[in-house]
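Each of the next two complexes has subunit A plus one more chain, namely subunit B in the first and subunit C in the second.
Entry: the complex of A and B
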C-alpha cells in the first residue's frame, strides 16, 4: 500500500518535472536551451552509470566507453556507413549491446577490484584506439557532419526530442528498478555473499545489469553525437568517466534522481568554467578530491536512503 | 642479420620489462598492504621523467636518479595524507581519489612543462653501442637493465632482510595484528605508499632519455600497468615480475615482427590470460 503510494507520488513528480522542463525551453535563450539539452543527455548517462554504482555496488571506473561506443558507432555508421538516421541508431544500439556483453564478460571474470581495474583498462584501450586509428575515427579531431532528425534540427525542437527520448529511458529504467530483478541487484550491493548462499548466479545478474547500463549509456551517446553534430574523442575519455562518477557522487548514489541533479551541477560547472580556463581535467581532479573527502553522501543521498529503510520497516 | 636484430630486441624487451616491473611492484606492494590501487602511478612515472628533464638541464643524470624519485616520493606521501579519511570506506572513494590526484598531476605537469613533447639527450658515455659476442648492443638499455636490476635486487633484500621489509610483510598478512603490537600503522602506510611511488619515479627517470616525455602518456603507462597486474595476479610480486618481462619481450619482438599489430599486443595478452586463468598467472584463485 505504502509502496504503491510512493510510486504514484514519483509518477506525479516525474510529470511535474517534465512539464517544468518543457516550459523552460520556451522562455530560456538559445544558449541555455542547448546547455539544458546537454544536461539531460548527461543525466541519462549518469543514471545509467548509477545502475551499477548505486544499485549493484560495482565499481565501473570507465563507463564513458559505452557513451563513446554509442557516439562512435552511430557517428561512423552515419558518416562512413552512409546509413540513414534510424538504421544507424538501431545499428549503434546493436553494436553497443554486443560490445558491452563482451567487455562485461571479460571484466566480470575476477573479483570486484579486478573488475574496477579492467573496466578502466578497457576504457583506456578504446580511447587509445579512437585516438590512434586516424583514418577510421578521425583521431583527435573527431568526425563532423552528423545531422539531427529532420523535424528536430533547430535547438529548441531538438531539445524536445531529447527530452522525449530521455523521459522514455527514465520510465524504462524506473520500471526495471522496481522489478524483482532489481531487488536482487540491490542485494548484491548490500551483501554479495548472502546472495551467493541463496544459490543466485551473481555473475549473470551483474552481466545483465552491465549490459542494460551500457545500453542506456549508448543511447545517451547517440543523442550526444546528434547534439554536437559530430564525434569527438573527449566523449570516450577517462575524464568523461570520472565526470559520470562525480555526477552520481554529488547528486547521491542511493536515489534514482540524484545522479541527474549531479549531472546538472557538473555540466554547468564545466561549461561555465571552460569560458575562463582551459584546465577542466585538473579542476575536475580537485572537485573529485574535495568531494570524496568531504562530501560522500551526496545531495539526495542520506535522506533518501533513510526514507527507504524506514519504508521497508513499515512494510515488514 | 635477422638474428642480430632479434637479440637486440630481446635486450630492449627485457630492460623495458624491468622498468615496467619497478612500477608494477610499487602498485602491487601498495595494493597488498593497503588494498588500494594507485591510479596515479602512471602520472608519477611521467613526473619522474619531467623532473629528470629539468635536473639534467642543470646537473646530470646521476643527480636526477637520486633527486627526482625522492621528490616524487614526497608527493606520494602527501597523496597518502589525502587518502587517510577514506580507509575503511568504500573502495570506490579510494580509487576515485587516486584518479583525481592523477588528473590534477597531468594538468599540473602540462601547465609547468608545456604540452609539447620533451626529449632528453642521453648521456654521452651511454649513447654508443657495446660489442658483445660479435653483436652490437645499445649501451643505454644495458644501463637500464643494470640499474633496474639493482633496484629490484635491493627491493628483494629489503623485503627479506630488513626490519622495514619484515613490517611490510607483516602488514600484508595481518594488518590488525601489527597495530595491536603497538606499531604505528599510519606511519607504515605512509612509508609504504611513498616507497611504491618512489619506484615509479625511478622508472620514469630511467626511461626519460629514450622516450618523448608527454603528460598525456600517463594513460598509456597506466594501461600497461593494468595489463601487467591482471596477467601476473593482483597481489603477486613474482607474478608482476614475470608478467612485466613477458610483456616487455613480446612488445619488443612484436614491434619488429608485427608492426601493424604492435599497439594491441598488451591488450590481447591480457584478454587471453583472462579467458584462461582469470586470477592471473601467479594469483591465488578465489575462495
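Entry: the complex of A and C
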C-alpha cells in the first residue's frame, strides 16, 4: 500500500518536473535553452550508465563508447549513407544494440576488474579508430551537416523534441527499475555468487543489462548529434566516459534521479565556468573529492549510503 | 539413489584435498559429513556443485551426470547450497532476499515490467513464515542477528524448492539452543518437502541427533559410512577424534 502510494508519488513528481522543464524553455534565453537541452541528453546518458554502476554494481570505465556509437552510427548513416532521419535513427539503434552485444560478450569474461579494463580498452580502441580514420569519420574535425527533424529545427522546438524523447526513455527505465529483472540486478550488485547458486546464468544476465544500458546511451548519442548538428570525437572520448561516472558519483548512484542531477551540475558547471576559468575540470575535481569524502553516495544518495556503511560494519 | 559421486578427486597443487570419494545418497536421507578441520568436507560440496572443478571422477544427480555443468545449471536442476559463511544480499531487505530466489524459481528473471508492486508476494511470505522471519521482512539482511542470517540463508535456498540441500555447518556460530531450533526447522521442512539433505557439522550432538547416516572424512578420504550407532562404535573414527569423546 505504502509502496503503491510512493510510486504514484513518483509519477506525480515526474509530471511536475516535465511541466517545470516545459515552462522553463518559454522564459529562458536561447543560450540557456540550449544548455538545458544538453543537460537532458547527458542526464539520459548518465542514467543509462547508472543502471550498470548503481543497480548492477558493474564498473564500465568506457561507457562513452555507446554514446559515441549512437553519435557516429547516426551521423554516418545520415551523411554518408544518405538516409533520412527516421531510418538513420532506427539503423543507429540497431547498430548500437549489435555492437553492445558483441562488446559486452567480449568484456564479460571474468571478474569485475577484467570487465572494467576490457571496457576501457574498447573505448580507447573505438576513439582511436574514429580519430584516425579521417576519410570515413572526419577524424579530429568530425562531420558536420546533420539536421534535426523538420518541425524541431530551432532551439526551442528542438528542446521540446529532446524533452519528449528523454521523457519516454525515463518512463521506460522507470518501469524497468520496478521490475523483477531490476530486483535481480540489485541482487547481482549485492552478491554475485549467491545469485549463481540461485540458478542464474550471471554472464548472460550481465550481458542483457549491458545491452539495455548501451541502448539508452545510444539514444542519448543520437540526440547529441542532432543538438550539435555534427559528430565529434570528444563524444566518444575517455573524458566523456569519466564525466558520466562523475555524474553518477556526484548526483548519487543509489537513486534513480541522482545521476540526472549530477549531469545538470557537471554540464552547467563545465559550460558556465569554462567562459570564466580556463581549468574548469579542476573545479569538477574538487567537487568530486568533496562528494566522496563529504557525503558518500552523492547528493541524492545519503540514506542508501548509510545502509551500505552499515553493511560494511556487518562484514567486519 | 538421488546423488552418487564416483571416485571424486581434487588436487590443489600437490595437496590432494579430496581423495577418491564415492558417495551414495538415497532420496529423503539426512546425511551428515563429519571430520577434522581440513578433511575436505567443504571441498567435497564444492565439487558436487562444481563451484570448484574436480580433478577427476564424476557426479550423478538423479541418474544423470552433472560433473561438468556450470553451477547455475546444477542449482536450477534442484541442488540448493547453503554456505559456511552466509551469502546474502546484505543491502536488501529480508523480503527481497527471498523474493529474488522466488523470481528465479518462477522463471521471472527476465521480466522487465511489472505493474504489481510485490511480485510473488504470496510465495515469499510463505517462505518467510516457514523460517519464522516474517516480522523481519522489511529489515535489511545486513541488520539481522547472526542466527537470523543463517535462517535466511536456509530460507533463500529453500525458496528454490530444491530436491537436494547441501548445508555447510548450518549451526556454526549460533548458540546451542538456536542451533537446535535451526536443525529442527531443517528436519521439519525436509520432511514436508521430501528433501534430501547433506550437512557438514562439527557439533557431535547435532550430528547424532539429526542424521540418518554419517560419513566420516579424514585427509580427503571417506573412512567410514554408517548409521550413528555404527559410527559411534567405529574404532577408526574414535582414533581420528583422539581423546575427543564421541557421545
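In the analysis below, the second predicted complex is superposed on the first by the 282 of 316 C-alpha atoms of A that agree within 3 Å, B and C clash if a C-alpha of one lies under 4 Å from a C-alpha of the other, contacts with A are read in each partner's own complex, and residues count from 1 in each chain.
One rule holds for everything that comes next: a residue touches a chain if its C-beta (ideal position, glycine included) is under 8 Å from a C-beta of that chain, and two chains touch if they have at least 3 such contacts.
Quick caveat, the model's predicted, so the values are computed rather than measured.
K.L.:
Which holds for A:187: it touches subunit B only (first), subunit C only (second), both, or neither?
P.N.:
Only subunit C is touched by A:187; subunit B is not.
K.L.:
With the two structures laid over each other on chain A, which partner does A:83 touch: subunit B (first), subunit C (second), both, or neither?
P.N.:
neither
K.L.:
Tell me the contact category for A:53 with respect to subunit B and subunit C: first, second, both or neither.
P.N.:
Once the two structures are laid over each other on A, A:53 reaches subunit B alone.
K.L.:
Could you tell me if A:285 is touching subunit B, subunit C, both of them or neither one (first, second, both, neither)?
P.N.:
Touch status of A:285: first partner only.
K.L.:
According to the stated criteria, A:199 is in contact with first (subunit B), second (subunit C), both, or neither; which is it?
P.N.:
second
K.L.:
Going by the contact rule set out at the top, does A:18 touch subunit B (first), subunit C (second), both, or neither?
P.N.:
In the superposition, A:18 touches no partner, neither subunit B nor subunit C.
K.L.:
Per the contact definition in the header, classify A:112: touching subunit B only (first), subunit C only (second), both, or neither.
P.N.:
A:112 contacts subunit B only, not subunit C.
K.L.:
Do any residues of subunit A touch both subunit B and subunit C, and if so, which are they?
P.N.:
Of subunit A, no residue contacts subunit B in one complex and subunit C in the other.
K.L.:
Okay, in this complex, where on subunit A does subunit C touch?
P.N.:
3-4, 7, 175-176, 178-181, 183-184, 186-187, 189-191, 193-202, 205, 208, 307-308, 310-311, 314-315
K.L.:
For subunit C, which residues count as touching subunit A in their complex?
P.N.:
So the residues of subunit C in touch with subunit A come to 49, 70-73, 75-76, 80-81, 87-92, 96, 99-101, 103-105, 108-114, 117-119, 140, 142-143, 156-157, 160.
K.L.:
Which residues, counting only subunit B, touch subunit A once they are in their complex?
P.N.:
Listed in rising order, the residues are 31, 37, 39, 82, 85-86, 89, 91-93, 95-97, 99-108, 111, 219-220, 222-223, 226-227, 229-230, 234, 263, 267, 270-271, 274-275, 278-279, 286.
K.L.:
Which stretch or stretches of subunit A touch subunit B in the complex?
P.N.:
Contact set of subunit A toward subunit B: 53, 59, 61, 106, 109-114, 116-118, 120-121, 124-125, 127-128, 132, 238-239, 242, 245, 249, 279, 281-289, 292-293, 296.
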